[in-house]
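As written, the chain order gives the labels A, B and C, with residue 1 at the start of each chain.
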C-alpha cells in the first residue's frame, strides 16, 4: 500500500497530496473484517439481517445482539467495531428522542443527523472515525426508508449490504425485485443471502439475526418471530444446496 | 463604548453640589438583559384543570375512573379530554390538576418507555417502576419550586400482583385499596372505602364498575367542575383496557323542590 | 521507540483497520491473575486467583460487590477496576432510586462498555486496562457477562479472563453443557477445576489465594443470607470445604506446559 510510511495516513485531519484521507479509508477496513449485514426495503416494510460470527461456543445463543433498536419504528444493524456500533446507537436514540420532543411525532430523518455525527469524527486529529458502517431501517409517515451511514457519508437505498460479504450480497440483492416483495418474502430472501455470503471454510460459525419493521409488525421495529426465522433458515439451507 | 453623549451625564461640579446631594448620573445599561434578570416566575396555579380521579382494587386487578372534562377556571372548556392514560402493557395513570402538565407527563413517560424498549432485553416497566419514576419527577420539580400541578393515580397489574398508588405535585405518595383525587377525595373516598375495604378480593368486575359509576354520579351532582361523560380503565392479568366515553344517567327532578336559591322567594 | 507506526495512540487506525492501543490494553488484562465465571439454571458464580506481592503483603482483592444482585471479578489494573466498579455501583443505586428495581445486569454491563468505548476513540486518553467477569441475577435469571477494554461485552455460559485463562477456557468448553443443571457445589467444583488450570506448575489453590463469588440460593455449606440469593464473596477458611471437594488433577499428557513469561507480578496489576 502506497500510503504506508508517507506520514499522510496518521490522522483524520490530514489529506494526502492526492486528496485522500487515509484514516477514513483505514476505518472502512475495520468494517470489511466484520460479519455481513444487509437491509432490504420492500413494498410495505424493512427487513434487516446480520451474520453474527460466533467467536466462542461458550456464548449464550441469541444474546449479544448486533441489530439494535433506535426508536419504536427504527432499527439499525452495524458492521465493524461492535462497541462503536453501540456508541452510534446511543447517539441515534438521543437524536430520535430530541426530534420526538420537538415535533411530538415519530421521528423521520434520524439517519441524516447520524451522518453529521459520523462525519464530525472524520475532521479532527483528536478523534478517530467510527470503524463501522450502519444500516438504518424504519417506517414512518413517508413510508419505509433505508439508509447506510458510513464514515464517508449517508445514502438511501432499496437494498444495502455492508461488511465482509457485501459484494456478493449486493449482487444477490440486485437480482431481486425489491419493490414488489412482501415483508415475509424479504425475510426468506435476506436469510438466503446471509447464508450464501457466509464462507463456511474460512470463517467461524455464525448465527442469523433478523429484525423487521412494517405492516407485519404494525409499524414497530421487532425481531423476526422465531418460527418465521426458523422457516427462513431452513429455506436458506435448501437454497444453498441447490446453489452449489 | 456608549456613543450617545446624552447618556454620558454631566461631570461632577463641586461648586454646584459640594456635598454630593445630587445623584451622580447613572448611564443606562443598554446591554441585552439576562433572560432571568427580572427573576424567574414559576407555576403558581393550574390553568386548564381536570377534577377527580377514582380508583379501587378489586378481585381481578385495578379499576379507575375519570370524567372527560377539562375546565378553564369555572368554565367547562373541553368536554372530550382523556384523563386516563395507559403506559405500556401493565399500567394506567389517571390525572387531576393541570392538563398541560399532564400532557407533558405523558410525553416523558413515552420517552422512558421507548428507552426501555430499545434495550430489547425483555425487561419492561411495570406500575411499581412507573410510580417510583413519577414520584421522583414530581418531587424533583416541587423542590425546584416549579411543580407539575397534578395529582396522579397509578394503577397496574404485573407478575400476578396488582398495584395502586398516588403521587401529587408535592411529591407525596401513598397507597390504599381505594384512592381518589380532587373533589373526589372528599366526596367519593368515604363511599369507596365503605364499598371496597375488606372486599378487595371478592368484588367482581361488575360490582367494581357499579361502585365507580355511582361515585361518579354523586360527584357529578355535587362537583361543579365535573361532567356526566366519563371513562373507566381496567387493569388485570389480561392487560389494560380503557372504555370509550360513558354517559351518566342522572335525574334532576329534586331540583324543583329546592328553595332558597335564584329568583323564587318562597 | 514504538513497535509500530500506528500504535502510538487511540485515534489512529492501522492500514488493516486495527486499533493497536486497544489491542495492547487487552494484553494488560492478561497480565492480571485469572478469574473464572460460570452459571447454571439457578446460580452464577465467580472464582478468582489472588496474588500477593510477597511474604509480608496481603493478597490483592479480586472481587467486588456492585449491588445485592451483581458482583464482579477483575483481571488487570486494579485501580481502573475500582473506577469502573464505583461507576457501576452508582448506576445500580440510581436505578434503585429512580425505578425502585435492581438494574438489569446486561444494561449495567453496557454502561461500562459504553464508557470504555469512548476511551478507544479520543486522543489523550487510554483504554481501560482491566477486564471484568460480571455475574448477576435479574428478572430473566442468573447471567454471566464479560467486559473488556475494547468496549465490548458478551454474555456467556462460562468464561475466564486473565493470565493463562486459555487453559481454563479449554476446560470450560469441554464441560459447559453440563453446567446448566449443576447444584451450587458442583458448579463451584467445576469452577475450581477450571481455575486450577491457570496455575503455574508449582502452585496450588488454597484458602488464601482463592476467592469464590456466588449469586443464587445458598448452598449446603452456607449460612442463610439476606436478602436471599444476594451476591456474597467467600474467602479464607470457608473456601476449604470446596477445595477439599476437588478431584485429583488428571496427569498432563506428556507435553510440558509451555512456560508463560510476563506472569511475574506487575505493579498495578491484580
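Worth a mention:
Note that in this section a residue touches a chain if its C-beta (ideal position, glycine included) is under 8 Å from a C-beta of that chain, and two chains touch if they have at least 3 such contacts.
On a predicted model such as this, the values are computed, not experimentally measured, just so you know.
The fewest steps needed to get from chain A to chain C, moving only between touching chains, is 1.
With respect to chain B, maximal separation of chain centres occurs for C (centres as means of Cα atoms). Averaged C-alpha coordinates give centres for chain A and chain C that are 32 Å from one another.
With centres defined as mean CA coordinates, chain C is found 49 Å away from chain B. Separating the centre of chain A from that of chain B, both taken as means of CA atoms, is a distance of 44 Å. Residues of chain B found to touch two or more other chains are 119.
Annotation for chain C: residues 106 touch two or more other chains. Per the touch definition, chain A reaches chain C in the complex via residues 1, 3-5, 9-12, 22-23, 26-33, 56-60, 63-64, 81-84, 86-87, 90, 121, 125-131. Contacts from chain A toward chain B in the complex involve residues 65, 68-72, 89, 93, 96-97, 100-101, 104, 223. Residue ranges on chain C touching chain B, taken from their complex, read 97-101, 104, 106-107, 138-140.
Put simply, chain C touches chain A in their complex at residues 5-6, 10-19, 106, 110, 113-114, 116-118, 120-124, 150-152, 154-159, 169, 172-173, 176.
Looking at the complex, you find that chain B touches chain C at residues 119, 121-123, 125, 128-129, 131-133, 136.
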